[in-house]
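Please go over the structures that come below.
Below are two complexes that have chain A in common, paired first with chain B and then with chain C.
Right after this comes the complex of A and B.
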């Protein structure tokens, strides 16, 4: 399958213009920043918790929701089907859209982290975890978009993602009552919280590597699933 | 181009169709919604056919110019936007967002997607349906230019739309797939009009149904019956009220091969298939219409009928 950067860029520019004029969705960009401003006044002892909440909620709202909306809107208007008949390949379309979502998410999340004043144990591990997470949630958003026919359905379809991923760190509190919930520790959002909580002094590389590897595994699996599903679903139509 | 036959409820819904399409030719198929869908669903090869479906919509928040730029880039053509805008006659709408265009203009802009198709065959569903006169003319001009290199298949339910830009027109319905001879049919119409002028005497039978007046040509009628003083005209399995009496109808329809077969029945002899003899004194006529219709025949009328039919 050929990938043309020129076509992907055309899709990127088109989606950027569409997105920036769709205020109902683009206002979501302000959500992480507002959340960061509210939690900024939290006492320093709770800062790790605060950054965890901000990031894990923002991931669902930003990359996931926006990507789902972008794909569902194209499906709603039958423009995706029309795109399939142009030389643009599946990968062109996905790369164009994902890049836009990635850039926007990266900028907004950087601003929110800055507002919160969080200083990670290792800046490289932190950046790597954020980048992997954005890709992971974009893939989840692609899957949500593929299973919904309209933008309205897309905004509802991200609820399961929100429950499973954002809710996982909270579910960890119930582990004593329900041992089965121990599985939730391996959800990427829990791993991210764990990574954020590593103290600035006295950590080993192994401490950092384990959550990163788990997040990486999730990212690779979800990305492959989303690309395969995308090709499969579009052939059916 | 080939279409496979399709069956629906045990009946042939779509016959096997083979279209010999040469380049520079546009073919129109007049058919109904369901058959349009079935035809398009068979054209899945994206390297051969560009499908334009009637539900196609556009990126509403882009301006017309931005959309054309996007289409040029995504199809990797080397054309200049400004020149194309001129060619499409969209210069005035350059900066207008697509959602703010009039519905006819919006459809026209959406239709421009076919211009960017690289496939050798373009298949369009109802292209002219939502267009106003001026946009129709513009789009026909573009389609004519496209025809220099490509072949076009137009699926529509409207004969007029097909006539706008098709060289050959076919009709596809429950009776199969037949070509319409456009030129002949026009001449025929003129002849029919002349005939009408010549003998303008009332040939039609006027009936009423749900407060609507419906006129039938005599050959369409299967039979007429009188029930409790009201006259019912049976056509194709349905019945319609008529204000005339049976005697009046009998006189009027005599020249069309109708026969008063019973005190309260007139039958169209062209449609009689069988004379049923129940007993020595009772007879019926079975008609060869779609539904199984049987009309009584009086014994006294039997001889008259036999004489009429030379049996």
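Right after this comes the complex of A and C.
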């Protein structure tokens, strides 16, 4: 599958211009920062819980919701079909469209983490988890957007993602009462919370690798699903 | 060389045939008109030719390759398309929309100036698309479709939202593109438009081609074998074309009595109604 960085960059620049003039969606950038400001007064013992809430909620609102809206708006206005008729390949379009959301999310989440004053056990594992999670939620947003016909539908379609992914770490606490909820421990948001809670001393590489590999597996699967779904949308059947 | 070849194409949606046994070919450099009322299958055929739909049966080839290959980037560089499903970025200006297409087709900056001149929008380039009239939007979409000067251009009702002045500007531009070598596949329900710019037309009705040929040929085939004569004294005659009529007309001419003399040729619209028993809507 060929990729033209020139074309991907052209789509990124176009998306940036559109996004910066779309105040209804661009205001979402403030949400993680506001949430971080509210939760920064949390006591140190609850800090990893606070950062978990900020990150997992922000992933749904930024990469997932914004990406779903950007894709759905293109479908609603028929611009996605026009884009599909140009020489831009599936990867050019998906990379171009995802880069904007990726860059914005990375900047906003860095600011939010700084506001909260969180210090991870391993900065590399933390950065890897954040990068993988942004890609993962962007792919989930792409899937929601491709299934929607309008921006309104896209807003509604992310509700299951929000409920399952944001609610999973909380649901995992009920495992003792409801053993079936053990499955929620394997949701990427639960793995992220687990990773964030690893103490700064006395951890092993294995402690860091397990959650990272689970998040990576989710990222790979959702990315493949989003690419396959986009390619199916190339047909107007 | 044929740019498009379609053989016995059939497309079925559910239990309804959108296209039935459609066959034709379009040589390089032709302006081919696909005429028919709304819902007759015109857009479906464009979608098949541009790999947006698979036919239920039959074969379609474009540039001597199966139509499915039109999904490849290299093939997409060779054609342009303007359909009802084309869209523009509302929050961007005309120039910013074209800038995207210029970069996607890897064209020089001058291509924007050229295409804006072509669609008569040079003075409006900074205007946001959400402030444009329907006709201006149509012209911007046309500009996006032709910015790369494609070898083959698919146009689905290109002047449906335009006033006569802008339509005429577009016709002039399409002829210019055609003279430079672009083959044009045009769908329309406007028979006058087809007559004006198409080298050949096919009339499509309920998914089937009813007739195909140049507008001149079709009119000749379907003309009534009569001649209409208006005399200067106000009398009007419709006479069969035969020797007696020739003598009569010669006599009137000698005596300077003829005001108007013409054969009764049908318009493409008349031919459509004659062949299908249906009005064009």
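Convention: the second predicted complex is superposed on the first by the 234 of 237 C-alpha atoms of A that agree within 3 Å, B and C clash if a C-alpha of one lies under 4 Å from a C-alpha of the other, contacts with A are read in each partner's own complex, and residues count from 1 in each chain.
The rule is simple: a contact is a pair of C-beta atoms (placed from the backbone, for glycine too) under 8 Å apart; a residue touches a chain by one contact, two chains touch by 3 or more.
This structure is a prediction, so every number in the text was calculated from the model and none was measured.
Student: After the overlay on chain A, what do you see for chain B versus chain C, clash or fit?
Tutor: On the superposed model, which is not a single observed complex, chain B and chain C clash.
Student: Pick one for A:234: touches chain B only (first), chain C only (second), both, or neither.
Tutor: Touch status of A:234: second partner only.
Student: Mind working out whether A:79 is in touch with chain B, chain C, both or neither, as first, second, both or neither?
Tutor: Once the two structures are laid over each other on A, A:79 reaches both partners.
Student: With both complexes superposed on chain A, which partner does A:21 reach: first (chain B), second (chain C), both or neither?
Tutor: In the superposition, A:21 contacts both chain B and chain C.
Student: With both complexes superposed on chain A, which partner does A:7 reach: first (chain B), second (chain C), both or neither?
Tutor: both
Student: Hey, is it chain B or chain C that touches more of chain A?
Tutor: So, of the two partners, C touches more residues of chain A.
Student: Determine, under the contact definition given at the top, whether A:89 touches first (chain B), second (chain C), both, or neither.
Tutor: second
Student: Between chain B (first) and chain C (second), which, if any, makes contact with A:40: first, second, both or neither?
Tutor: neither
Student: Overlap the chain B and chain C contact sets on chain A and report the shared residues.
Tutor: Shared contact residues on chain A (touching chain B in one complex, chain C in the other): 4, 6-7, 9-11, 13-14, 17-18, 21-22, 77-79, 81-83, 85-88.
Student: Residues of chain C touching chain A in their complex?
Tutor: Per the stated touch rule, the residues are 47, 50-54, 71, 73-74, 76-77, 81, 85-92, 96, 99-101, 103-106, 141, 144.
Student: With touch defined as at the start, can you tell me which chain A residues reach chain B in the complex?
Tutor: 4, 6-7, 9-11, 13-14, 17-18, 21-22, 76-79, 81-88
Student: Could you list, by residue number, the parts of chain B that touch chain A in their complex?
Tutor: Chain B reaches chain A through residues 46, 50-51, 53, 55-62, 66, 70, 73-76, 97, 113, 116-119.
Student: If we count contacts the way the header does, which residues on chain A are in touch with chain C in the complex?
Tutor: Of all residues in chain A, those touching chain C are 2, 4, 6-7, 9-11, 13-14, 17-18, 21-22, 74, 77-83, 85-89, 234-237.
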